[in-house]
Amino acid sequence: MPSVTAVLIANRGEIAVRIIRSCRALGVRAVAVYSEADADAPHVRLADAAVAIGPAPARASYLDVAALIAAARASGADAVHPGYGFLSENAAFARAVADAGLTFIGPPPAAIAAMGDKVAARTMMERAGVPVVPASGVLPPDAGAFASAAAVTGYPVVIKAAAGGGGKGMRIVREATALPDAIRAAAREATAAFADGRIYLERYLERPRHVEVQVFGDTHGRLVHLGERECSIQRRHQKIVEETPSPAVTPELRAAMTEAAVRAARAVDYVGAGTVEFLLDQHGRFYFLEMNTRLQVEHPVTEWTTGVDLVREQILVARGAPLSFATVTPRGHALECRLYAEDPARQFLPATGIVHVLVEPAGAGVRFDGGIARGSVVGVEYDPMLAKISTWGATREEARTRMLAALRETVLLGVVTNRDYLRAVLAHPAFVAGATHTEFLAAHFADWRPGPGAERARVAIAAALALTSRAVGDSESDGARRAAASPFATLGGWRSGGTAA
Amino acid sequence: MSVIVLVDGEPLAVTIAHGADGLVGRVGDVEYRGTIRRDGETWRIELGERVLLATVVRAADAVWIAADGEIYRCVLAAEERAAAGTARVATPRVTAPMPGKVLEVVVAPGQRVAAGDPLVVLEAMKMETVASAESAGVVTRVHVSVGAMVEPGQLLVELDPS
Amino acid sequence: MPSVTAVLIANRGEIAVRIIRSCRALGVRAVAVYSEADADAPHVRLADAAVAIGPAPARASYLDVAALIAAARASGADAVHPGYGFLSENAAFARAVADAGLTFIGPPPAAIAAMGDKVAARTMMERAGVPVVPASGVLPPDAGAFASAAAVTGYPVVIKAAAGGGGKGMRIVREATALPDAIRAAAREATAAFADGRIYLERYLERPRHVEVQVFGDTHGRLVHLGERECSIQRRHQKIVEETPSPAVTPELRAAMTEAAVRAARAVDYVGAGTVEFLLDQHGRFYFLEMNTRLQVEHPVTEWTTGVDLVREQILVARGAPLSFATVTPRGHALECRLYAEDPARQFLPATGIVHVLVEPAGAGVRFDGGIARGSVVGVEYDPMLAKISTWGATREEARTRMLAALRETVLLGVVTNRDYLRAVLAHPAFVAGATHTEFLAAHFADWRPGPGAERARVAIAAALALTSRAVGDSESDGARRAAASPFATLGGWRSGGTAA
Amino acid sequence: MSVIVLVDGEPLAVTIAHGADGLVGRVGDVEYRGTIRRDGETWRIELGERVLLATVVRAADAVWIAADGEIYRCVLAAEERAAAGTARVATPRVTAPMPGKVLEVVVAPGQRVAAGDPLVVLEAMKMETVASAESAGVVTRVHVSVGAMVEPGQLLVELDPS
C-alpha cells in the first residue's frame, strides 16, 4: 500500500493553500514549492517545509518536472499533489512522479492520457455510449478542411485544441469567412498553452448550460458520483460563478447524467477525483464535453453539499484506502465566485498591483479559499485568480444572498478585481431565476460598468486629503502611533473637534 | 485647497478649508462640514449626518478607500493628466493596453493599415490581446519584437496618419 | 404581523458582527451601537448604520436601556436583537423594547422572567416533570442556613446566584467550614453581576458533563429541538470548547433529553431560540440546570450540523413566520473553540493590548466568528472573548483535526490569547476519547504551561535585531517601501547576500 | 552585539555579528549563519538549512513573532530587569496582577497577615481575583481604595516582613 506521509504540492496560490489544509488535518506533512516571485506567498508560509524551484516564469518553475521531482526528493516527500492547472493533467509528469518512486495523487497516467487527447476521448466516449456533440477529427490548420467539416456539422462551430481545456485555444466561428483567422489564432494559442498545436472542430451549441459531474474512484473498483455542478457563468470560456445543484437539472436528468459520467470514468478505469463535463442544451439533452482528470477549481461547492473533503479523499485513495462513502446525500445549495485580478469594465484586462489591504469574508455558510495576503504582489506571471468565495444555504436563495453579503465584506485594496461585477451577476434577475447559460455574461453584461459609489462625495474629500498630505502612512511608525495615548490621530493639518453641520 | 479627484474615473471638484467648527469640504455644489480623523488605515469620516468608517491606503498609483461596502480608487486629475500628457504627441502612438509578452508583430514599417487592423498580439496569462490601429495610417516605427515583455502604456508602434 | 426591516443590535464584538451578517443576507438593515471604546470596531464598520450610545463602561452604554431605545428610534430601527450577555436575558429590557413599539427578537418577557429566576424556574421544572438536582430555595447569606440545607442535599454543594448564569456568583463547597467565605463571595459577585444578591445551594455533581439542548419555538405553537451540544470543557465555569453531538449521548438518551427540553420550554410558552441546559452524570442521568432564554455563544456548532441559520430563524420568527423546518437531521460533527484574551499559564488573567496582526483561519469546514480586526484595542471593559473558531467534519475526528489545523493557522500578535491552551486541550488523549466532563481542565490542565517553541533560537536572533534596531516599522512608509524595486528590504545593518552555512 | 532575549519568558543569550558571508548569530552554544531580510512585517529568516517565513511586529511592550505555526513574545532581559528593578525594593510590595477595579480592601495598616492571606480583591470583566500576601508581615500602607481602577503592576499594599 503506497505510503503518503509527506506531500509535495506542485502548485501555488489558493489551491496549494487548500491542499496544505487537508494535509495538516490528516497529519500529513505538506511541502510547498515556490518560484522566485512567490518567496513569501501564503502557501509557503503555511506549509511544513518549502523548496525554491526556480525563477518566476512557470516554465522554469511550476512546470519544471525535474525541479519538482528533485524538490520532492530533497524534502523527503513520498507523494506529489498536482492541484489543478500546471502539470495536473500531464500524463508524462504523473509517470515521472511514479518513476521516481513517489505516489502521484491523481488518476493513473493512462487515464490522464486517454482523456487528455480530446479527439480520442470523444471517440472513446461515443463507443462507451456517452452522448457527444457532432464534431470532426483533428484537421490540418487549413481553411478548406475546416470548411468541409463545418458543412457536415452545421454552423456555428467551435475550433478547439486537441490537447486543450479551460477555454485555451477555443474560437467560435459563425460563418466560413471567419475560419482562417480563427484557425490561426486557435493553433497558436494551443501551441503556447499545451505545446501541441493540433486543433479540430465541433458543432457549437447555442446558449447551452455547462453542467459537470464530480466522480470519484478508488483502487478497489468502486466508482461513484457526487452530484453535478453548473458552471455556466463564463467570461471568455472562463468560469467565474459555479453552483450545485444546477437549477436546470431534474432528478430524472440527474440520474441520466451522473450515470453517463460514471460510465465515462469507468471507460478509462478512473481512480481518484475527476470531473465529467457536459453541455446541456435547451431541450434537456446533454453532450460529453471533456473529462478533467484532476481536482476542479470549483470543487468547494460539492464539498459544501456532500460534506466530503475531496482533497482528503484524494490522499486516502492514493494510500489505497477504499472510498469513505458509498453514496452521498447532498444537502442544500452551494455557490462559488472566483475573485480575479482583472477589470471587467475594460475587457477583463488582467490587473496588477500590491494587496495593501485584504478583508476576507467569514461567518455562517461562508468559505474563503485564498492564495494571497496583505503585501502580496499580483503580477502577470500566473493566473489572475486570487481567491474563491463559496457559500452554502438551505436553499439557493439563502446561498445567493449570503454570497452577496460575503462579496460586500470582501475588501481588497491595491488591485482592481471583479468583485463588483460578481455582485452584479449574483443580483441579476436572470441569475436569481436560475436562467443561466454559457452566453449569460455576453447577453446581460457586455456593457457592464461599475455604478458610482453612493459615498463618492465624502470619499473624494478624504481622498483629496490623502493625496495631498503626507499624512497617510508616511509619518510615524505603526508601533509609535499605537503607543500614543489618543486613539485617533488628528489628520494632517485638519485638527478639529467640531461636530457635523 | 482645490483639486480635482478622479473617483473611479469620475472627476469631482473638491475644495477643502478650515472652518470655525472643523473641516469644510465642498464637492461640486454641495458643502460638507465636520471632521476626519484617522487611526492608521482607519479613517473616521464625520461629514454631515452619517459616520463613515473607511479604510484608506496609498498605493503607488492611487489612494484606495473602502467605505460602506464599496471600494473607491482615487487619483488626482492633475497627476493623471500629467501622466497622460507625456504620452500624447502628434503622431498616433499605439501603446500596450496591458502588461505581457509580445506574441506576434503583425505589421512592419512602411505598411499601410486601416482603423481596427491588428498591429501587435500580446499575451498575458495565456490570454491573447490584440493592439489595433485606432485610425488609418502608415507604420513609421515598430518598437517591440516577438518575445519582448511590455509594461502597460509602453510604446509599441508609431503611425503616420497622413 | 410585526415588521422587521431594520434591526438595532444591542451588543458588540463577534455576536454583533454575526447578527449583522444574517441581517444583510436577509435584506434587513443592521444598525450597530457602540460605546466610546468601540468607535472603530468591526461591528460598527460592517453595519448599515451605527449609533454612539455612551462611554466605555457597559453600564453607561451597552446596558443603558434608555440609550438603546433612543438609538433604535433615531436610526429608524423597528426591531432590537439583544445578542447574548448584556441585556439579552433582562425581561425589563424586552418589555421596554415592546413598549417603545419595537419588536424584541427573543422570547416573550414572561418567559425570560420565568427562567431568569433560577429558583422559581427549578420549581416550575419539577412541576413540569423535568428532572432537577436536589437543592434548597433562596437562603439568607448565613452559614447556619446553608449548613442545614447542605446536610439535606449532601456535600459537595454549590452556592449559586438566584438571578445568575454563566458561572457568575458560583462557589463549590466541599465541607461546612468553607461555607462562610463562599457565601460572602457568591453574594458579592451576584450583586455585582446581576444587581441581585440572592443565593441558594444545590447538590454538586462530581464530574458531570454539561449537555444542553437547542430549542426553537414559533408564534404558531410549534416548538422543536435542534439536537444537543456538549459544553463540558470549562475553566472557572466558563465554557471554552463545545461540540455537537455529545460523545456521551446515545440515541435513547438524546430522545429523552430533547423531549425534556421541549417540555421545559413549553412550560413557559417559549418562542424563539432558547437553550435548556442539563448536567449529565456518570450514570446517564440528567438534571435540569437552567434555561438560557437567548441565543447561545456556542450556537454555531448547531448551525454546522443542522444547516439552520439560527439568527435568520430568530428574525423570521419575530416577524411571525412559522419555523422554516419541522425537524432537523443533523449531519456530521462540529466543534467550537473560544479564543480569549487571557493567559492560561497565569490563572487565566485577562490580557490587554492591541491586535497588531490577525490571521483568521479559513477553508473547508472552518468558520471564524470574530469581533476584532487589525488595530483593535483589547481592554478590560468587556468580556475577553475575542473570537470563536468552529469546525465541521463528517466525523468527530475530522472536526477535531480540522480544529487543530485551524488553531495553528490563527495568528494574533499583540495580545496574549489561549490559542495554544486550546490546541493542547484538543490534542489531549482524554479529549480525543471523548472522556469530557466539567472538571476536565482542572483534572488535566491545572499546571499547564506552554511548551518552548521549536524555532525559539532562530526567532531569538530575529527578535534581537528587531528589539535593538529601528528597522521594524520605523523607517519608510508602507507605500514608499512597496514602491521600491526590490521585493525585500535588507534588514537594518545586516545587509547580506550570503547563503546558509 | 550581545543581548539576552526573553522568548516567552525563557532567557536566551544572543550574539550577532557580521560574517564574511552574511549574518552570524549565536544562541547559547549554537551558531547560525545566513541572512535575514524583511519586507514590511514579513521576515525571511534563512539561518541554517530551513527557511522561516515569519511575521514580526513591535508592540509597545514586546516584539511578537509568528513562525512555523507558533507565536513568540520577545523582550530584552535588560528592559525586563529595568522595569522589574524599579518595583523591587526591600519592603515587600504587593502589586496588581491584572488590570481591574478594586472590589474590596481586606486589610488595614497595622494589621498582621500570614502568607496567603487575601489583601485586596480585584475585579476585571466580572471575574474576581485576590491579591494575597506572599509572606507574613504587618501591613504598613494601603495604596488603593474600593472602586479604584488599577493597572497591572500597580502598587496595592506594602508589608513590613519583620
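Residue numbering begins at 1 within each chain, and the chains themselves are lettered A, B, C and D in the order written.
What we mean here is this: contacts are C-beta pairs under 8 Å (C-beta built on N, C-alpha and C of every residue); 3 or more make two chains touch, one makes a residue touch a chain.
No experiment lies behind these values; they were computed from the predicted model shown.
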item	value
Pair of chains joined by more contacts [C-beta pairs], A-D or A-B	A-B
Approximate Å spacing (C-alpha centroids) for the pair chain A, chain B	29
Distance from chain C to chain B - Cα centre to Cα centre, in angstrom	48
Centre-to-centre distance between chain D and chain B (centres being mean Cα positions), rounded to whole Å	51
Of all residues in chain B, the ones touching two or more other chains	39-41, 44, 57-60
Junction residues of chain C, two or more chains touched	39-40, 354, 356, 359, 375, 408-409, 472-473, 477-479, 482, 487-488
Chains touching one another, given as label pairs in label order	A-B, A-C, A-D, B-C, C-D
Residue ranges of chain B in contact with chain A within the complex	1, 3, 5, 7-8, 10, 12, 14, 16, 18-23, 25, 27-28, 30-41, 43-49, 52, 54-61, 63-76, 97-100, 103-104, 123-129
Residue ranges of chain B in contact with chain C within the complex	39-42, 44, 50-51, 53, 57-60
Contacting residues of chain A [partner chain B, same complex]	168, 185, 188-189, 192-193, 236, 346-347, 349-350, 352-354, 356-357, 359, 379-380, 382-384, 408-409, 411-414, 416, 419-420, 450, 452-468, 471-473, 478, 481-482, 487-491, 493-494, 496-501
Chain A-touching residues of chain C, taken from the complex the two chains share	17-18, 21-22, 24-27, 39-40, 46, 300, 303, 307-309, 311-312, 324, 331-332, 354, 356, 359-360, 362-370, 373, 375, 377, 392, 394, 398, 401-402, 404-405, 408-409, 472-475, 477-480, 482, 487-488
In the complex with chain B, residue positions of chain C that touch it	39-40, 44-45, 49-50, 374-375, 477-479, 482-483
